[in-house]
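These notes are about the structure you will find just below.
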Amino acid sequence: MKDSIPQYLEALKVTVSLGGIGIVLSFVLGFLIALIGYFSIPILKLILQGYIELSRNTPLLIQLFFLYYGLPKLGLPLGKNTAAIIGLTFLGAAYMAESFRGSFESVPKVQIESGRSIGFNNWQLAQAVILPQGLKVAIPGLGANAIFLMKETSVFSAISIMDLTNVTKDLIGMYYLTKEFLLMLVLSYSVIILPMVLVIYLLERRQHHVGL
Amino acid sequence: MAETIMEIKQLNKYFGTKQVLAPLDLKIEKGEVVAILGPSGSGKSTLLRCLNGLETITSGELFFKGEKLPLTDKSWQKMRTKIGMVFQSYDLFPNKTVLENIMIGPIKVQKRATEEVQEQALNWLERVGLKDRAHAYPRQLSGGQKQRVAIVRSLCMNPELILFDEVTASLDPENVREVLEVILELAKTNKTLVIVTHEMAFAKQVSDRIIFMAEGKILEQGPTKAFFEQPETERAAVFLRSLDFSNL
Amino acid sequence: MSGFDIFFDGNNLIRLFQGLLVVVKLSVISLILGLILGVVLGILRTTSFKVIRVVLKIYLEIFRVVPLLVLLFVFYYIVPELLNSEVSNQVVSISVFILWISAEMSDLVRSGIENVPVQQIEIGKSLGFNSWQQYYYILLPQGVIPVIPGVINLVTRVIKTTSLLMMIGVTEMIRVGTQIIENYTVKVPTASLWVYGLIFFLYFALCYHLSKLAAYVERRQVNG
């Protein structure tokens, strides 16, 4: 039982790193997508909306299978970890983009108009007005998305990545200490997710104190 | 000898450490129309809401027709079929028609027969001029219409006492009159009413007795005519003068 | 043989649609039971019994912290042990789903009830309603209607989550698809692209329309 701990730590690293990279990329990409969507020409907006609908209405599992088993047949072989990160980001960016979009739209029109009337271009508007005011509103949604994405990493086990879920499956298969390993599994995820919940809670509270 | 419907002895109310109602004594006689007047924040609405248990009291006693009220949730639930209230926000149940709104209390709480309740409801709707809206939904009505329905709703519970909490304060000016007309008519039918209002001219017309409050205390009470012509206290006089714009 | 022909070979398409049916069946059963349980739990969460509220909040938090796949595995291994008998994978799946759905639904219902304006509650009180009547005539009708878009979104999530069931051996769409691909990889190298592509499309077709429905309901509610 004790010997399994290094394996769990490895798997923990895998989950956190793949998940973490995916979350950060989703964050950045989602933000850019939302920004483009907010400012841009209707055609681009439509395409981006189409992407968002596509990724939000299909399960991560099938997206991963498509990336890992399907794309190589088109001559685009992807390593497991790469496929996992791309898959998570593909899904995550859509969720983040929606959160950002909602928060951008919550910035009162008056503020935008004031910015424009002093000659701001789009980039300056984003920096000075939309971001600071929009981000506040977005934090709960973005936080929830991050937690959701971290939980979704459990699906990586479907493409044989040695994450927490797979490690547990293996160990149970070998040693039969079902209850103990499952407990380790649940604890490991709690160790990852609970701090995230705490951080987001603290961030939200800070916003309330600092806010307008 | 008039029957005392409601009596309050030494009613005291604190919100936390703040005293919002100083020890008050009050009697409401049957058939009376009492108007409670006073500046904002004087505790008028709070006092009214104590009379049907929507606000709890910190100390003091309440009597209804001579019997002391236990002031528990359950006892208030029973009392509220006898003490009606019309609110400032003319809320009706949005998912029910006008008629359903009026009939639900009498049928479901008082367990009265549907035909009898419906007859009473339609009668009152006709008297307030809304019989043709009996099957409309609240969102199709104006504020004044909704408020009149709210009054009929309270009436159909056959209460011994009806409380009105600033019922015209949220209405557009053109809707105020129609509601006041209904209350005036009720007053004429000898119902016992306690009205908190800002409408001075109306209070003068409709009420038998005025209770003037400020800072949580009853400063003065007396017959309506006397109050408006010759208030006893300086505070009341200042209040009445502040509402008289003819000397601006 | 081209990838497209796979669908018309033998009874592949039929098997795939049977898999789709399994998805629908499991979703419907767990949704019906889970939503009803969720309404009950949601109501309980608005009562004045602190202990019940705390216990149910912890119950909800379990599903917030632990990935559903992990819960599926836990039940998959533990339930047969506890009951000392074999339990079908579908039953395990439905059980986990019912609990998950009820937790999510309880939160939707709770927030719906808590958002009923206090004036409506006071109307009920002034008419002498007791607690049951408050819930039946005011809190539930007015509390549940606004959360319908959220419920539809939950339905969408349930459908997507059925994809995980292949991991505990349930023969649903994706597992069937994988089996078909394994039969054809030699003959048709691009098999996985086609089959997974179709499954992708089927999920999309189901969920997209549901999310549009949710958006429509939400728009109509906002406009009174």
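Order of writing sets the labels: A, B and C. Residues in every chain begin at 1.
Basically, contacts are C-beta pairs under 8 Å (C-beta built on N, C-alpha and C of every residue); 3 or more make two chains touch, one makes a residue touch a chain.
Note that the structure is predicted; figures quoted are calculated from it, not measured.
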| item | value |
| --- | --- |
| Chain whose mean Cα position lies farthest from chain A | B |
| Central chain of the complex, centres being mean CA coordinates | C |
| Result of counting contacting C-beta pairs for B-C and A-C, higher pair | A-C |
| Chain A and chain B, separation of their C-alpha mean positions in angstrom | 56 |
| Intercentroid distance (Cα basis), chain C paired with chain A, Å | 21 |
| Distance between chain centroids, defined by C-alpha means - chain B, chain C (Å) | 49 |
| Residues of chain A touching chain C in the complex | 53-54, 56-63, 65-66, 69-71, 73-74, 147, 151-155, 157-158, 164-165, 168-169, 172, 178-179, 182, 185-186, 189-190, 193-194, 197 |
| Residues of chain C defined as touching chain B within the complex | 117, 119-120, 122-123, 125-130, 133, 137-138, 141-142, 145, 224 |
| Footprint of chain C on chain B - complex, ascending | 52-54, 76-78, 80-81, 84-85, 87, 89, 91-95, 104-105, 108-110, 139, 153-154, 157 |
| Chain C to chain A touching residues, read off their complex | 64-70, 73-74, 77-78, 81, 156, 160-164, 166-167, 174, 178, 181, 189-193, 196-197, 199-200, 203-204, 206-208, 211 |
